[in-house]
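Labels for the chains are A, B, C, D and E, by order of writing; each one numbers its residues from 1.
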Amino acid sequence: MHKFANPARFMRLSNILLPWTTGLTIVLFGFGLYYSLILAPQDYQMGNTYRIMFIHVPASYMALFGYGVIAVASAVGFIWNHPLANQAARATAPLGATFTALALITGSLWGKPMWGTYWIWDARLTSMLILFFIYLGYIAVWQTIEDQAKAAKIAAIVAMIGIINVVIIKFSVDWWNTLHQPATLIRAGGPTIHGDMLAALLLMIAAFNMFFVTLLMWRIQSLILKRRIRTLRLQLGGGRG
Amino acid sequence: MSDILRGYDLACIRGEKPVFSNLEFELPPGQALILSGTNGSGKSSLLKIIAGLLPAQRGRISFFDENILGDQDWISHNICYLAHKNSLKAEMTVAENLAFWAALDQYDGDIREKAVKVGIDHCLDLPVCYLSSGQARRAALARVLCHPGEFWLLDEPTVGLDSKGVRLLADLMADHLDKGGRILAATHIELGLDPAKTTTLNMLDYTFSAHEAFHELFQEPWEEDFQC
Amino acid sequence: MLKLGFLIIVRDLRLSMRHGSSTTMVVSFFIIVVTMFPFAVGPEQEILRKISLGVIWVAALLSSMLSLDSMFQSDYEDGSLDQFVLSPAPLELVVLAKFIAHWLSSSLPLILVAPLLGILMNLPERGYVPLIVTMVLGTPALSFIGGIGASLTVTLRRGGVLLSLLILPLYIPVLIFAVLAANAVIDGDPVMDHVLLLSGFTLFSAAIAPWAAAAAIRAGLE
Amino acid sequence: MLKLGFLIIVRDLRLSMRHGSSTTMVVSFFIIVVTMFPFAVGPEQEILRKISLGVIWVAALLSSMLSLDSMFQSDYEDGSLDQFVLSPAPLELVVLAKFIAHWLSSSLPLILVAPLLGILMNLPERGYVPLIVTMVLGTPALSFIGGIGASLTVTLRRGGVLLSLLILPLYIPVLIFAVLAANAVIDGDPVMDHVLLLSGFTLFSAAIAPWAAAAAIRAGLE
Amino acid sequence: MSDILRGYDLACIRGEKPVFSNLEFELPPGQALILSGTNGSGKSSLLKIIAGLLPAQRGRISFFDENILGDQDWISHNICYLAHKNSLKAEMTVAENLAFWAALDQYDGDIREKAVKVGIDHCLDLPVCYLSSGQARRAALARVLCHPGEFWLLDEPTVGLDSKGVRLLADLMADHLDKGGRILAATHIELGLDPAKTTTLNMLDYTFSAHEAFHELFQEPWEEDFQC
């Protein structure tokens, strides 16, 4: 465990991996975009607007995936006081928040032609919105606390409480909404999805995933370097006397 | 098995700034250890580490062969910590403040008598926000007297005290030592304690370089494959 | 042990009485926020009736939140928090006592004035009892969850606004269940499910809050 | 003279950027308060549409208020306020600069995100422009009046809640005129009266606030 | 017409508590006046009164035949006040803090040079919340140096300073006196200033009895018809 905690080893490993993941991301995006914009047929109901799906669905998955990464990394960081895990959790947060925002934006852009309004208080939409807030709170914790060790611990507590809350919210919002407005609006796809559409979607999801991993490694690298620089600067600045 | 409080190999890093390392100390019963050192040399940090309020980067503190570092239970029954801040509620009177802490720390002696000892008895019924800086410090010292703990950790206890107050404090500390108590105090002022009972620890003997500290944080030489 | 907890509750209640009584202020804030709504949405009785329950609950949430800030902040600033950590009372007990004191000094009075606001907001007659009952069941969760937030932000400079960001999402389940339960009574629907969920959430928060808050305070000390 | 005022504005803005940006947090509070309403009053589009404008304005009031607390408090606690009183810059100028900095760092961002909340709350399409315009005209009054409140309570320990009690009633005219004006536009009624009253109130508060606040601070020093 | 700052018949009551009365002092250019007295004798209160931060109960302070008591304009251009608190923003770096106050006080000298003088230059780029208590006090002293005022009012300036810091401060004060500046300082420590340039004011010579204070407040004999 602690072998992997070593930032030098991480830097070495990620320096080897990064070119590959970057390349893979580009290739996957190339294929994915080709499939989704050109190969996949027009939808007989939604016309071309449904193509938003190829951004929307992967972004939604990444939003959830990101929070999972934060939760796991936080737990590891909190229990074993694992510096790299803490940095990983920290690095994931803005990525996850961005993908959440992307899911919200593409979703509501899609909602306008589908439902005639950008936003309805549907259970899934609502819990996504709250997930976004939880991301923001988590990021704010990191931003507010200067001392990294302390920030890591407090952010980990926030993340772990947050994951409980995501579950409770998901479930309570379902309750809240079924009483007032049965959710019948979403769901265009389902099992009847066209083969090329499915391929395109899967490719895009894979591309987004690679993209996510690549960005994450980059961010962890830059956080480690930043920390290194800060330590050196503090030593230069804050000698004794 | 030894009744000496011993610190081994202590190191401290604050906000990524290395403060001290390899620090060792010994504190037998009835003795005082005075921490000296320039501003920013880590006196307050050391006291907080011993009190369990700050995690040490490394090292241990043993007492009867147990590591008491971070042992909340032991600490709470044996250590009395006086910080830069006075821990008094401005809205409550001095008497109320002292009574509250005494009850929480499970001290059951006479509070007024202790207040007389630090010369704050005439302010017992004043709210703390009405006190001058020195009076408030005296009230905080009264809290120390109303604590059953054997170990006193005092962070600049003389701040704000007039010269009579400083003498008073020195007498109280001498008393505590006579009763077999122990004191760790950070101060810039000569208190005039019995030299036979006093050891001085100079924080400047334990400086910590950034290079070392970084290794410490990341547990392995780093420069070999990464230069910046 | 219990004695220590009781000691802390008494001290906190006494502090909340001193200096212009923070209790009065929470109550006034509650009243003012609610009375702003007729100005904001217009005086139509029908709309007011429909939103009354929700508005009262949101105002209660916000008022209870407002006083959270001071739960640990002043103890941190004057160094008392360090002494609590060092004291023989377990930190979990200390924070639990503080949560209880917070509920007594800020939520209990809200429950007492809520019926008055119901009149102002044209709450349907069948709504009063459910309003009170849901507040009794739900507001402790506000103190517990809010207490976690307060302990997370206490060691931060000006954590006040961050506090709301962290805890408002956690308040949402309380709000949902409470309003669902009260509305179910008003509409004559079955209500037990919601009441159980609400109580369950409160119990759950009571169970985790002391541990989480104590851990947060320990982590935040410097 | 102007240079000194500018200096203070820059400093306050910088402080509000540091440490997790209090601006972000005010905005988040704003968004969260608004999103609580659908949970409280139910997701029906029609009701939400009716109350949207009012809810957004009330949330803006509360958010702007939330950050008032820090306007003078931290300066008082660390002794900077004494230095401001002693400095060659007239205290009236100092507080004016602080009011402007407060508006820039807390109300301006609210105005920018308000349209988003309009979408969430199903605001009628004709409502967006009036919402923005009334916010531009009305929010400075919030900073000015709030600033008077902040200066009155700064020297009190834990004045935060008292603050809201003092100023929320004074916020109500802003709320009334703004909502009337915006609704008049939506309903196609004549609007100039309301707009003039709103602007008048803002100008009036701008005229008295610096004097009142400076006097309050001088009186409160001890 | 005289360039001596003179206080006449000053009295102070705080929170209904009488602190001092009939206090008189003189402060010619190039001189220091050290306020001494036990805790709670009113040193900080006197400094605040002179700085216009606290209303005096009675009395006046004249300078060139003007009463400067409460004359904000005169005070703001001539007086530099260092309180118990440091007036530094924890979130900003030391350099930013100093630059801000210097600009506000219309000082246009070199700030870094002054920081070197108090030995805080290596912390210039650190946020103030990272400083130890003594380092923060030094930063506050640097602010005093970056103030164009001739009168320094220093309330326990040595608090938290190590012994080197105290010597440094004494030198800076001596410098200021040599340049014709004046200093009013409350301190419990012997600073070692030139005795020819130093006068000591003992606050205990000006105690204010509750009886007198009561008359003062109600301006009329009261006891004759009401005994308690």
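Operating definition for what follows: a contact is a pair of C-beta atoms (placed from the backbone, for glycine too) under 8 Å apart; a residue touches a chain by one contact, two chains touch by 3 or more.
All values reported here derive from a predicted model rather than from experimental measurement.
Asker: How short can a path of touching chains from chain A to chain C be, counted in steps?
Answerer: The fewest steps needed to get from chain A to chain C is 1.
Asker: Which interface, named by its two chains, has the most contact pairs?
Answerer: Top-ranked chain pair by contact count is C-D.
Asker: Measuring centre to centre with C-alpha atoms, which chain is farthest from chain C?
Answerer: E
Asker: Determine the centre-to-centre distance between chain A and chain D, using the mean Cα coordinates as centres, and give it in whole Å.
Answerer: 34
Asker: With centres defined as the mean C-alpha position, give me the chain B-chain C separation in Å.
Answerer: 37
Asker: Can you work out the whole-Å distance between the CA centroids of chain A and chain B?
Answerer: About 46 Å separates the centre of chain A from that of chain B.
Asker: In chain D, which residues are in touch with two or more of the other chains?
Answerer: Only 19-20, 25, 28, 32, 39, 42, 74, 77, 157 qualify.
Asker: Could you pull out the residues of chain E that touch at least 2 other chains?
Answerer: If we look for residues of chain E contacting two or more partner chains, we find 14, 84, 90-91, 123, 129-130.
Asker: By the touch rule stated above, which residues of chain A touch at least two different other chains?
Answerer: 130, 133, 136-137, 140-141, 144-147, 176, 234, 238, 241
Asker: What part of chain D is in contact with chain C in the complex they form?
Answerer: 19-20, 22, 25-26, 28-29, 32-33, 36-37, 39-42, 47, 50-51, 53-55, 57-58, 61-62, 66-67, 69-70, 74, 77, 156-158, 160-162, 164-165, 168-169, 171-172, 175-176, 179, 183
Asker: Given the complex with chain D, which residues does chain A contribute to the contact?
Answerer: 108, 117-122, 126, 129-130, 133, 136-137, 140-141, 143-146, 176-177, 180-181
Asker: Help me check something: in the complex, which residues belonging to chain E touch chain B?
Answerer: The touching residues are 14-15, 17, 37-40, 42, 44, 84, 123, 130-135, 137-138, 156, 159-166, 188-189.
Asker: Mind listing the chain D positions that touch chain E in their complex?
Answerer: On the chain D side, the touching residues are 4, 7-8, 11, 14-15, 18-19, 74, 77-80, 82-89, 221-222.
Asker: Can you list the residues on chain D that touch chain A in the complex?
Answerer: For this pair, the touching residues of chain D are 19-21, 24-25, 28, 31-32, 35, 38-39, 42-45, 48, 119-120, 122.
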